[in-house]
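Next, two complexes with subunit A in common: one pairs it with subunit B, the other with subunit C.
On to the complex of A and B.
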């Protein structure tokens, strides 16, 4: 009951944000927080549930962004078809990474994902004919919905785009929640907890790791597609390692292996740098950011959401 | 190390005396043929053959380093043998993956405590029930009613398993918070949840107190009575002699004895393997 009320309040606050956030820059920050929330949820599927750390997650994000941008700019596909490709292509890449990682776990998986991201990033810089290299691809069309008999609804403006991102965050959250609450989610967690035991009771480790990598990549790709049609410009910067690190910070500080953690982490660690920018001069911004991050991890090593959950335990659920 | 010459303690359930013919190919049981496993120059298994027919408790014993755990690892697909074959339920399963072998109903536990440490006891068992569910990604995402029905069914089954092993009161505890003995019970529960037709238990009572051992021995016997064939690796001779219908003895990677507990206990070669030649002569 209490959880339901809290969810309702949260949704109302989130849905009304464009009404009380007048400053377009603040709204932009919220939109980026939403895109990062989808990314953090996607990384959490791998890191939080299967326990495998992908340090190449920006690659899936970037492939999604490039896929949608290129298809809608060069081939003039509908941006929505571009978005579809932004889900499918990273999904294929995730599938490939999962298959390659057949026997690779832990540090080897990390290295594999880093290398993959490195290669993809180099391709984006050097394949001038396709990607326009470091100059990037400008003029990515905005998303719009044209229903017969109704005026066209464009997601060109920040207010409208905010709702699109909010819908994406909710969809990603619900997707993760349903997955986790099922037999599939338990299989993923089993891989994290004890892979040998999981195998011995019939859980196909490879199958579920490939599945998690694929779903995770698809979600990250969708975030990339959204980003491309929001900023309307894609350059090799989307592959920056910083993006991956930011996602990891959001998941770990928020609470990996929880559903609310990555979302909370995404909002906090998108808003925090902006808040610090307003509070302190640039020399102090990153220092303060680092100190706050270390403090958070020191006092809440398992993340903010698990720490809160331990502080305010739920009433025992009778079943 | 326990003395193999101990009498059967009266407190334990006595073997039901199921006939366990050895040597006959059993299409429904386990057949191990000329199994060999080398690690460099060391032969952990040097050509071992035996069959285990459905029903009963068969124990695999032997001094440390005899190759018992290696045999388990090879049978259940965790290690690929250097040579030889494993067949179960009429199929050759050599080099199959563990998860597929489990799918045939051949399930193992591990020598070192092996649970899903961060999960509750109930979630441990629910995870073990994986093969009894059928929801895939698609269904998990869009067929909420199917998921709810399955979850209800699995929870019911999990409760039954927890009642069976006597952990019902602990079901909401995190597995790693339990005592050592209870964690081993969780491990048994996870194995049972996978609905084995044959359960391979690797030292289920190691490190337990005598009271816990007695409980575990009785539990193993009950598992067997519920229709699950048990293949047991155990060092505690009192337990082995008390609950086994048949005992296989490995030494230096070879099978040196195979028979009823009473026969094996008198076998001079077994006594020699455990105690050295001086005792065998006496």
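On to the complex of A and C.
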């Protein structure tokens, strides 16, 4: 009961945010927190539930952003079809990388993902004809819904877009939750905990890990598509390694292998840097990120959410 | 034909520093089972260390390089003591994440200390190249190649021919037995990490004068080092030495004949090919380090 009540309160607070957050910049920060929450949930699917670390998540995010932006700008497709491509293409990339590296796992997967991100970023800078190079692609159309008989609902404004992002976060959360509770989720956790035992009862390790990598890449791609239609501009900056690092810190500090952890981490690490912006420059903040990551691993190795759950045994946490 | 020879020579000269980078990384991985994501930062430390010794302390060029290597090794030893020793029992994933934290911390500390503007290191070598028949090469590059080769040989001799090297290999084969034989386990871990960091710093101190110094230069270096390690097989010393040369040559050929914009993508192509064809590295049979 308490868990339900807490969830309801959280939802009401989240849904009413545009009513009491009157500063557009603060609303922008919340939208970015939502996009990062989807990203952190997607990374957590791999890092938290399979133990495989992807350092190429900025690549899936960026491919999603570029796919949707290019299709809707150059081919003038509906932005919604662009969003579909923003899910499918990164999914294919995730599948391919998973197939290549997840037989060996561990360090191999990390290294392949990180160098994949490097190459995709190189392509975005060098393939001028397609991507316009470092100049990026301006004029990405806003998402809009036109139902027959009703006025068109555009997600151009921050308030409207906030709800779209909130819906995406809830969808990603529910998807992860259902996935974790399903056969697939149990197989992934079994593989993480004891691979030999899991395989002895007939779980095909590589198969499930590739599936997880693909789903994770699809979610990250969706976040990229949202980002492209929100900022209406895409440049090679979407591939910055900083984005991947931020996601890793959100997941590790929030609590990997929990569902609430990545969301909490995403909100904390988007809102805090904005709040601290006046106190510390960007470089100091990145330095702090590094120290925080190390400190979290030393002093709170399981993350904030499990630490809170241990202190308040009945707090609403699903681990 | 002349052009091909030139590319091959350039590749060999560049590759020798990749070998140096790769060996440092493969040692730490093979001996300590730590994926050192901060490896590139020790490279950067080496480069800036040489710059600081040369410009700030106005040391001689040939003195500045060993000073930078020593500084890199010492900082590596300190990092091992502070960050890795308490986590000895932790899983490889935890240490990997801690090393990522160290990477971000060091890189941004370097950015704050030196600023984002690229710096160049003055060298005592004349800039006009030496010509050998159809090919020509700068004196600095020859110096870098010779130094790299000597350092690689030195590291190999330390590992295979000295008491320290034997103690290192013994520790990572069987800690308990090595400890019973009187090996100071903790010290060996620190020395191994310092050796890896020192080799990375050496590569940085040597390549710094060839290229420009900037705080994120280590990212690219780390990427090359990881490619070299996969090429040679994780933990394989000789594999890393040969892998570095191969990567250097492949990059020069790729940049010369395919596209210079995609030079840094060659490593990725190699990693993909290796994972497809020979995931345990080119020299899979020689498993152990040393």
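Annotations for the structure displayed:
What we mean here is this: the second predicted complex is superposed on the first by the 291 of 319 C-alpha atoms of A that agree within 3 Å, B and C clash if a C-alpha of one lies under 4 Å from a C-alpha of the other, contacts with A are read in each partner's own complex, and residues count from 1 in each chain.
Keep in mind that, in the parts below, a contact is a pair of C-beta atoms (placed from the backbone, for glycine too) under 8 Å apart; a residue touches a chain by one contact, two chains touch by 3 or more.
Owing to the predicted nature of the structure, the values given are computational and were not obtained by experimental measurement.
When the two complexes are overlaid on their common chain A, residue A:178 makes contact with subunit B while staying clear of subunit C.
In the superposed model, A:241 makes contact with subunit C only, not with subunit B. Using the contact criterion defined above for the overlaid structures, shared-chain residue A:114 touches subunit C, although it does not reach subunit B. By the document's definition of touching, neither partner reaches A:221: not subunit B, not subunit C.
Between subunit B and subunit C, C contacts the larger number of subunit A residues. When both complexes are overlaid on chain A, the residue A:252 reaches subunit C alone and has no touch with subunit B.
By the touch criterion defined above, A:291 reaches subunit C but does not reach subunit B.
By the touch criterion defined above, A:79 lies against neither subunit B nor subunit C after alignment on the C-alpha atoms of chain A.
Of the two partner chains placed by superposition, only subunit B is touched by A:202; subunit C is not. Contacts of A:194 after superposition on the shared chain: subunit B is touched, whereas subunit C is not.
Once the two complexes are overlaid on chain A, none of the subunit A residues touched by subunit B in the first is touched by subunit C in the second. Partner subunit C is touched in their complex by these residues of subunit A: 51, 53, 55, 100-101, 103-104, 106-108, 110-112, 114-116, 118-119, 122-123, 125-126, 241, 245, 248, 252, 283-284, 286-287, 289-294, 297-298, 301.
Residue ranges on subunit B touching subunit A, taken from their complex, read 76, 78, 97-100, 102-103, 107-110, 114-119, 123, 126-128, 130-131, 133-137, 139-141, 144, 147, 150-151, 154-155, 187, 190-191, 193-194. Residues 175, 178-179, 181-187, 189-190, 193-194, 196-205, 211, 215, 319 of subunit A are the ones that touch subunit B when the two sit in their complex.
Interface residues of subunit C, counted against subunit A in their complex, comprise 29, 35, 83, 86-87, 90, 92-94, 96-98, 100-109, 111-112, 219, 223, 226-227, 230, 234, 259, 261-262, 264-265, 267-268, 271-272, 275-276, 279.
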